[in-house]
Amino acid sequence: MEFLVRAENRLPPETPDDVRERLRAGERERAMQLRADGTLCRLWRVPGRNATLGLYQAPDAAALHDALASLPMWPWLDVHVEALATHPQER
Amino acid sequence: MEFLVRAENRLPPETPDDVRERLRAGERERAMQLRADGTLCRLWRVPGRNATLGLYQAPDAAALHDALASLPMWPWLDVHVEALATHPQER
Amino acid sequence: MEFLVRAENRLPPETPDDVRERLRAGERERAMQLRADGTLCRLWRVPGRNATLGLYQAPDAAALHDALASLPMWPWLDVHVEALATHPQER
Amino acid sequence: MEFLVRAENRLPPETPDDVRERLRAGERERAMQLRADGTLCRLWRVPGRNATLGLYQAPDAAALHDALASLPMWPWLDVHVEALATHPQER
Amino acid sequence: MEFLVRAENRLPPETPDDVRERLRAGERERAMQLRADGTLCRLWRVPGRNATLGLYQAPDAAALHDALASLPMWPWLDVHVEALATHPQER
Amino acid sequence: MEFLVRAENRLPPETPDDVRERLRAGERERAMQLRADGTLCRLWRVPGRNATLGLYQAPDAAALHDALASLPMWPWLDVHVEALATHPQER
Amino acid sequence: MEFLVRAENRLPPETPDDVRERLRAGERERAMQLRADGTLCRLWRVPGRNATLGLYQAPDAAALHDALASLPMWPWLDVHVEALATHPQER
Amino acid sequence: MEFLVRAENRLPPETPDDVRERLRAGERERAMQLRADGTLCRLWRVPGRNATLGLYQAPDAAALHDALASLPMWPWLDVHVEALATHPQER
Amino acid sequence: MEFLVRAENRLPPETPDDVRERLRAGERERAMQLRADGTLCRLWRVPGRNATLGLYQAPDAAALHDALASLPMWPWLDVHVEALATHPQER
Amino acid sequence: MEFLVRAENRLPPETPDDVRERLRAGERERAMQLRADGTLCRLWRVPGRNATLGLYQAPDAAALHDALASLPMWPWLDVHVEALATHPQER
């Protein structure tokens, strides 16, 4: 099942560079794993914002939650999930 | 997978009684089938409104959509679906 | 450039079946053309609603507008477009 | 009487691990008591968020408030309560 | 248990005077009965609007719903109900 | 004239217990005075929240403001006031 | 006591010119009376809209409601009233 | 002074083609006049919608209102105006 | 040209009394100057809030901005400006 | 392609003057470069707020994002981007 995931990054602008860099590196690494296992299908930036839109695939909402909560940046993310239904044109 | 479904009924108040009654009867019958097959688990009224909150179970969002769209009242329903993740306390 | 397009279908429920069917058939045909020319990349149903989420690709917002306005259902669609920026992970 | 309870957890991400762990342990313990006495009927996670949706049963809104305010995490919870009316189909 | 009930009257301005008058008379009569049986405690007008705020008392949300739905104007009312908890200062 | 007053208490959860207790005691005392002089007529808790709904009576909005601003907790209250018009049924 | 009154005019654009003109003429006449008796102090247009912002003075919200409901256009007005408190600088 | 003007066109989709065409032609002609006299500076389409964003210049909000209300489509436009302040970088 | 200005004061409740008092005194003094030069016409308190509604007069939005930004409290104010058009009844 | 960019500046009012001044100077310098290369076309102040509205031109949303993220103040900006479609009148 597919999900549209909007994630606003609320990490404070005052965060020290090394903390931010460590978080970002971990984020990239974990995102690559989620791509590799087919969970993260596409990722876009919301232009002008420290935010992303992602297309995810997961067996259900609990599995999706676990994937999102495994991101190192998760404690600072404001996430909204929207369940997507396959369109008959694509079945 | 479970879903929380909020449905506002927008059938115009001016609808003739027999049309309304036929729709309601069909609605009850279809709802009973959805209960029988395990899709509709719980249903509440939003107090004061011609609206319901329902707890549904479906393999995915497409199956849920088909179940909701099979309701005779569906063309007049304003529906919002929220995907629910199983809580660790209930796993 | 990619765009996320949310389209709520406001065609009145009282629309005669043949009008609705003719519009839907035209909609499917035009959507297929937009898929063929690479404008419409993905399409999902918003579960429970007469609404879709689509991933579109177009040279710019004016070209996207022309594509959307070419849909036979367009006069009844309530459309919101969100510009998407390629994420560095996908460059 | 049943209530739908949405609870966003606003505990700051910077909270020390031991404080957070102590709060969570207390939360689990109190939640188990509320389940045992029939107040907390079901609990879901809102996918992607540090938030829950719960189905509660209480004699009235004051008793519900006391139950919610007895949770150790309550001072950091942003809670919205919605009163639910039994649906005639379930009477 | 007490409830705060906001009711916007959406009866179209074009409604014939006799229909409106009959509805209003029925509304007043039913409201008086709800006052007499202790369901409707207080009623205010929202200034400038065809709308009311009411303080109701009912055993639970289902009983409240039945009381509100018994109003002749109910099919045209847009109602929002808020459950109220007794304040410790008033226990 | 009557007013409906919604007050969300934004006192930070990290406030030391003695500060909070002193504020609460002062709040209770001042609220009792406002009851005694007929300004505060009814008070409810918004279930699940550190918030209240109150029914106040005051000669005008300026007098109401002075009453609310005299509460020791006022600097932390997020207050919304709604003017109420006497309903003809209660005149 | 003063009130800020926002009034959106929802008279349908399809209203026949003579009906509209009769309503407008009655509106102007009644507004002039409300100015003369000190109820309507100032009136502005919301630029670009068929809407006004008005500064009214009335003994209380019920008197204000009666004044607004006496406007011939009232059944089509979507009105929001905000109670204003005299500022200490102007006492 | 400059203004940002958002205009949603609410002309019903069922409007006969000739009425719509006559309105559109009049709209274009009046818009051209507003461009010629320096009132309408720029005009964009909101992609996917029957809506525009415009940059206008007018001595004040009353003059802007008169310009907008002179558009033949105005009775069907839902307009929001935002006053713009010259930025020091452009003074 | 006239403007309606809503200003919420976000000065933290924890601000030391002397800082707050110095800001307030400066605010009063600057407000008096703005009254004297005809910029600030009327000022109201939003009842229950640390907020004001003001009626201002300025040649254009840039001049209004400079006036508002000259208030000592401005860095803590959350300001919303609404352009007002003279109503034909008052021309 | 053109974009409308709304940017609220959330730099805390407590920021030391020299930090703020350094950021502003860098902001002005970078903005001048974005004007020179044709990215930033127009810039307005939202009256009364520490916020701007800008008209930008960029090949696509990713290029726009990079331009905005290159502003020294960007970590404190709350930015909303709206894609604009060329209007047929201006083609």
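In order of appearance the chains are A, B, C, D, E, F, G, H, I and J, and numbering begins at 1 in each one.
As a convention for this text, a contact is a pair of C-beta atoms (placed from the backbone, for glycine too) under 8 Å apart; a residue touches a chain by one contact, two chains touch by 3 or more.
Predicted model only: the values in this text are computed from it and were never measured.
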| item | value |
| --- | --- |
| Computed distance of Cα centres, subunit F from subunit B, in Å | 40 |
| Inter-chain centre distance, subunit B versus subunit C - centres from mean C-alpha coordinates, in Å | 26 |
| For subunit E, residues contacting two or more additional chains | 3, 45-47, 61-62, 64-65, 81-86 |
| Chain-level touch network, classified as line, ring, star, complete or other | other |
| Contact pairs between chains, per stated definition | A-B, A-C, A-D, A-J, B-C, B-D, B-E, C-H, C-J, D-E, D-F, E-F, E-G, F-G, F-I, G-H, G-I, H-I, H-J, I-J |
| Subunit D-facing residues of subunit E, complex | 1, 3, 60-62, 64-65, 81-86 |
| Residues of subunit D defined as touching subunit F within the complex | 3, 5, 7, 61-62, 64-65, 68-69, 75-81 |
| Sites on subunit H touched by subunit J in the complex | 2, 4, 28, 31-32, 35, 42-47, 52-53, 82-90 |
| Subunit D - residues contacting subunit A, complex | 13, 45-50 |
